[in-house]
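The first chain written gets the first letter, and so on, giving A, B, C, D and E; residue counts start at 1 in each chain.
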Amino acid sequence: MIAALRSGVAGGRLSGLLLVALPVALLIWLVLWPVLQAIVGTVYFPGTGFSTASYAYFFTDAYSLRNLWLTLWVTALTSVLRVAVAMPIALYLRFRSGPVAALVQALALFPMFVPSVLVAYAFIRVLGPNGIVDTILVALHLPKLASPYLTPAGPIIGLVWDGLPLTLLLLLSGLGRVSIASVDAARDLGAGSFTLFTRIILPRIQSSIIVTLAFNVLGLFSAFTLPFLLGPASPEMMGPYMQRTFSDNADPLNATTQAVITFAFCAAFGLIYVRAIAKGRKAPA
Amino acid sequence: MTDLATLPPSGALQAQQKRVRRRAPVDWTGFAFLIGLAVVILLPLVVTAVWAFAEVWRFPAILPQRVGLGYWQETLSRQDVWQALWLSLRITTTVTVISAVICFPAAYAFARLDFPGRNMLFLAFLSVQAFPKFGLIIATATIFLTLNLIGTFWGVVLIQLVGTLLYMIWIPVSAFQGVDRRLEEAARDVGAGPMRVFWSITLPQALPTLAAAILITFVNTFYETDAAWLIGLPNVRTMPMVMIAFINNALEVQYGAVLFVFLWVPSFLLMLAARRVMGADAFAKGLGG
Amino acid sequence: MAQVRLSGIAKAFGKVTALDAMDLVIEDGELVCLLGPSGSGKSTLLRLIGGFETPSEGTIAIDGVDVTRLPPERRPTAMVFQSHALWSHMTVHGNIAFGLKLRRLPRAEIRERVERVLDLVGLSGYGARLPSQLSGGQQQRVALARSLVIEPKILLLDEPFASLDQHLRERLRDEVRDIQQRLGITAVFVTHGQDEALAISDRIVVLADGRMQQVGRPGEIYAEPKTAFVAGFIGAMNMLDGTLADGEIAAGGLKLPAEGSGPARLAIRPEDIALSEPEEGRMVTVRRMIDFGSHVVVDSTLADGTHLRVQTDKAVRVEAGERVGIRVERWTVFAEGEEPRRYRSDTVRSFRDVRYA
Amino acid sequence: MAQVRLSGIAKAFGKVTALDAMDLVIEDGELVCLLGPSGSGKSTLLRLIGGFETPSEGTIAIDGVDVTRLPPERRPTAMVFQSHALWSHMTVHGNIAFGLKLRRLPRAEIRERVERVLDLVGLSGYGARLPSQLSGGQQQRVALARSLVIEPKILLLDEPFASLDQHLRERLRDEVRDIQQRLGITAVFVTHGQDEALAISDRIVVLADGRMQQVGRPGEIYAEPKTAFVAGFIGAMNMLDGTLADGEIAAGGLKLPAEGSGPARLAIRPEDIALSEPEEGRMVTVRRMIDFGSHVVVDSTLADGTHLRVQTDKAVRVEAGERVGIRVERWTVFAEGEEPRRYRSDTVRSFRDVRYA
Amino acid sequence: ATKLDLYTSSDANISDFFSNVVKPAFEAANPGVELNVVIARPAAALDAVVQRALAALASKSDPQLDVIEQYEPMLPAGGIEAGLWTDFQKAGLANYGAVNKLAIQTAYGLPYRGSQVLIAYDSTKLPKDKAPKTFADLVAWIKANPGQFIYNRPDKGGSGGNFINRVVHEVSGRDPQKFKVDNFNQATADEVLAKAWAVLNDIAPSLYEKGAYTSGNSASLQLLAQGAVTMIPAWSDQVLQAIAKGVLPETTGLVQLTDLALCGGFSQAVVPTNAAHRAEALKFADFMLSEEMQTAVIEKLGGFPGVDWSTLPQALHDKYADVIPSSIPTFPSGEWTKAVQDGWYRNVAPNISRT
């Protein structure tokens, strides 16, 4: 029971804790505790004591670093691309309405309902070697496309497709805080669309963009399916790399180390997210 | 007193002017986006749909060389596909309902109450997404083994429930924060206790955004496989598990295509339901932007 | 600096006709108020002039040039929004300078003009603040400065002070009027406060349901409303349903001389009713006396229970339940399909009236 | 039906003291307005009475019972919020019936009471609509009905009509007053419209910076403000800085009899200045004449440029630039640390004044 | 009925074989036992299940796992030491004696079927008589036809892995016997593998997309089916079935290298010691070695028997004489495979020249 709604009332503290108890317990039991175990497991070895050797190995192993670097790179590029693709759509949806806009919105949100395996699968059918795009090009007597399948571009395209809806929604929510009146005011003073975007809209949704990027990063960093199915064998993204280290190399220690490092990066971005939200909440709409 | 001032003559002057009705400007930008998205989003889906009916389709034919319903029959007559679909729906519904029941009040507490460790606990939910799943596998498996949850319906529900925590806490929190406090105060004012206020006022008011959270949870849970593999096998086989089995290592792409098209139906229904219950902003508001 | 001519303007949003068949000329240097109930199309009209909407019919000309199809950024107008719409990520200076920067003026000039306009709106020294560090009234003044600094020919104001408190609102409206006069620009001001409209406008346009009801000087509109709607909308008014017959109108137990026959509405301003010795005229019963300090309003009932508001001198004191006499000095009769007819009783006018009338 | 007694109430939010040392008794059946500038603590006071905040100091008693620690649902109060705070997911009927359902009344009775209160606020037949299908004024009336239906002993209204247009606001405020009188409940009304406060309250509490400035009947507060702040805040007022010396106050070129010495503020209501023959009194220059229909305000300047507002009869006409004489009939002098002193010139009073004064 | 949980992460033809052929036969032979064929794809899912079994061993609980049709018994790390897998030599299977000795790599895995990697190619683009017959021919062909050959990642499905193993054999004197489960030696490995990487890196630029590698057997077959490449290494059973199903056109050609065949492999079934139905699981293992099942492996699956040909009827032997290779070269699992796989990722895969 909620004993009191008001903050500062003695009952509020207890009831607050009670209300969050179940999910928090679940979290601690099945996530935080295992995470802690995993982290401890990489630095403390019964019998031999503390050692950070696995981390030292990771950060000196050129191959691992290269994978990490690729992951960062793909993550960054994909996030930026998602924002770049979603931004015009979001702008359009924010400032227009009508049946066309409704359709655009429905289409742009559809990938949310397509699981990533199917994305990979459809992708190979379309952009893969001799896929439908090639077929059409050949039918038109044009040269075939250099297929992005199995190249670094493959997972990026797939991930952009897959992540479009969430990015769009996040940006839309940011744009919701840009009042139409403030845009009208700028147009009134003579601002063209470009100035409008860079000088009025962009500064207002800065925090939303950071939020969007950080949320994207969280999901992308340990992405597995799309990089594995569409990407090149090497360098690998952290997702497939961890899996391979764990299963095929039968090397749980290093796999867990990789996981902890991934976690550290995600946590850092999580913090950025939190900060951006805090900042966005403070700023008046 | 003065007489009535005569109106400016402009009215009389323009009275004879013809009424020329302008057409509303055409939304060209919209059409451009529509076409762009149709190609990017729909083409892969349509191609897959065609594959579902193709029995032989080899490059460089634009259309399949042989079409038929053979794969449909083969896929849909398989007992395990239907079982898996049914099971998946059951698991997903269960997870979503439980998640809503335990998370919404918690989200409310995060949004409105002040208690020790509030911010820290709130942040901790990020770790659900931030730590790679397989890192947790052994620990989770150990925990579940001792509880005899391996291979059981409830085991899968439990593990997937954990996966829903982030969205089901974070999105509702901002939904609740978005509910005007005065609505709650007005209810207390006419005599409603806190619990009643939550159920009668806050919850329905936040509904569009909560619906967004539920939808995301439902979709994500439905398509979740990692946790389902770990805990579900050998007895619990969900739809995406069957699907991946078909797609991943099968030679015939058609099985996957058929299932893909088959799953469009629920996706479209969800999509429609989603549009009815909430606007895009409701979704988005939930994500804290 | 500019004349605005609207010819046959209509605007429909889907099935809703927000404005219909508007013909209006706003003269150079004039301040025109748009007045009307909510949803009557005031904002729509303003946005049409500003270029934020395109009319479904008709044309808009500024100084004789057809601007109907020009986007806002290419019209010599500047709009002050109800929500002030300041850009919260820019300082006051940045907000005001924005329009000038777009015009690529030299820095020094921008600085100078911003200073000048800040001075004009009484905010010198506030340039470095962020909008969030200003009070509501100051924010509105910044919005005004932002519009003024680009020296628009036409200033459009959409209920700029609606959210402010009465004191502030009065002060700001006087400021706007002063500035507009000083710069000699044309201004269109939307409001739903009648006092505001009466206080600052050269002419008032009364809108209802997307149509113009009356256009005229404030006093004129107040004193000589052309329709019963305008009569009821502008200022306090007793509106009584009555019947015309035998050179009299009978309404709510009140009989006053009037021509014509058939049903009609009797309109009497509260201040056009004088209290008198009971025996002297018609009787009313006092329900309540409201002391506004500067004047007193007596809420009373006629014989048949109809309410009648009487406004009198601040020194008057009456008790609820007391019966007092009234003398109606001026009244207007609105009969369906006819011009309103105005009447006055021949009362003696005091010294001052004679001197200043 | 209830008396509210606030004793030594103070409320601080962190470092901000929103209210300080409030002692106030609101009598049974009284309608009290809280008036004050933005941020003066009006809403805070109301929310303390309603139980939405707990005072940092002091106690609140209703009918002698200490309710300081009771939550809102257990106090006999009902609040009407500025934003009406209707529950958009319920129909009008649902909104109003909610409080009754909580009291587990039988269905038939709920239906009947909702009907009755809908009738009271003039919305019979609107029960099945959603709030979004009503106009702003109708929504406010539903909010009022929702509060009234539970038959509170004390009705709290926090700027309930601030967002509505003038006409609607006036109508609703009269309705609220009527209903309150009819049901005989105690009401506390927050507003920042002085006219509103003057029009409906039995007593007005003027707040500034979290402190009570003055409590009194409307006319009293208007006519006899106790501080310069109240004088300037309630109603239009000319406030001039001046100096007392030799039995006179000299301010802005104006000299009027007054006692004392040293700096002081001279307060004159616009309607306490009469225009007169130029030779007869002091001279002012007309800047602008504002015709409000029912009266005329002349904005003028004194010899040294100080503005002076003069309110006169509606029939008066003057031109900008004209020089006219004025006669000040009443004035008040506020000197630091002293009680205000009020003066009046001995002018002849007209027949009506004598009769009704 | 006792439910025996049999896991497989192999390609669809294998799981279909178990569902459609083995299951009815086994259940007929063992009334009261139900064979539950559990598909755990991708392989990572099976890894999760095995981890689970190891954890179950520690906590003495039911792993919900009785048999895995094919799993690397060397995995998971520490599994054998912990006693996770049943030692078949000591399990007392009646048919264990018949098992092809060459196929046995460790006592913890039961090689019940074999298969070999072939070269599959599109005979419309490459006439049958021009198909490469030796490793040198193959390399020459790859280089002469850039972009037309692809093999999959060594750890994903095996056809690519065995192509790589063949390279290792090539650079070490074409002697499969040099590599045994228990003779791993880092120094030799470094030396031999370095040479193998050189060969693979040499052909990499001539591969599809100048060095792309598919993520599985099926993905390679699909590229061949799409006509995107001309030649791939492929499992014999899988490619035959693909042709039969029409996934690959009739014109698909198959060829085996004659100087040394590409490696084959034997699927190793494993049974955890803590399986709830270990007795039935062992019965099943024995059943898989029976003549009936071994014949089915050959006839229905197109694979090789796990038992010595000599223990099978002569008629069968005669019938399949053409496809029975004289010997199937194999490559040992465990350390050697790990070295090859991880080494490949580190040394070959990254050298993709994108210009």
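Annotations for the structure displayed:
Here is the rule we use: contacts are C-beta pairs under 8 Å (C-beta built on N, C-alpha and C of every residue); 3 or more make two chains touch, one makes a residue touch a chain.
Chain-to-protein mapping (UniProt): A = Spermidine/putrescine ABC transporter permease; B = ABC transporter permease; C, D = ABC transporter ATP-binding protein.
Every value quoted in this text rests on a predicted model; they were computed, and no experiment measured them.
Between chain D and chain E, the least number of touch steps comes to 2. Most remote chain with respect to chain C, judged by CA-atom centres, is E.
Closest chain to the protein centre (all Cα atoms averaged), using per-chain Cα means: B. Among the pairs B-D and A-B, the greater number of C-beta contacts is found at A-B. If each chain is reduced to the centroid of its CA atoms, chain A and chain B end up 16 Å from each other.
Work out the mean CA point of chain B and of chain E, and you get 40 Å between them. Computed centre separation for the pair chain C/chain D is 23 angstrom, with centres defined by C-alpha atoms. Averaged C-alpha coordinates put the centre of chain C at 88 Å from the centre of chain E.
Multi-chain contact residues of chain A (touching two or more other chains): 4, 130-131, 243, 246, 252. In chain E, the residues that reach two or more other chains under the touch definition are 44, 222, 226-228. The set of chain B residues touching two or more other chains comprises 59-60, 134, 138, 188, 225, 244, 248, 253.
Contacts from chain C toward chain A in the complex involve residues 50-52, 71-74, 77-79, 81-83, 85-90, 98-99, 102-103, 132, 143, 146-147, 150. Residues 37-38, 135-136, 165-167, 170, 174, 192-195, 198-200, 217-219, 222-223, 233-236, 269-271, 274-275, 277, 290-295, 297, 311-318, 349-350, 352-353, 355-357 of chain C are the ones that touch chain D when the two sit in their complex.
Within the complex formed with chain E, the chain B residues making contact are 55-56, 58-60, 134, 137-138, 141-142, 145-146, 148, 150-151, 225-226, 229-230, 233-235, 237, 241-242, 244-246, 248-253.
Across the interface of their complex, chain A is touched by residues 43-44, 47, 74-77, 153, 155, 208-209, 212-215, 222-223, 226-229, 338, 341-342, 345-346, 348-350, 352, 354 of chain E. Across the complex, chain A meets chain B through its residues 1-5, 7-8, 12-17, 19-24, 26-27, 29-35, 37-38, 88-89, 92-93, 96, 98, 100-119, 121-123, 125-126, 130-132, 134-136, 138-139, 161, 166, 168-174, 176, 207-208, 211-212, 215, 218-219, 222, 238-239, 242-243, 246, 252, 255-256, 259-260, 262-263, 266-267, 270, 273-274, 277, 280.
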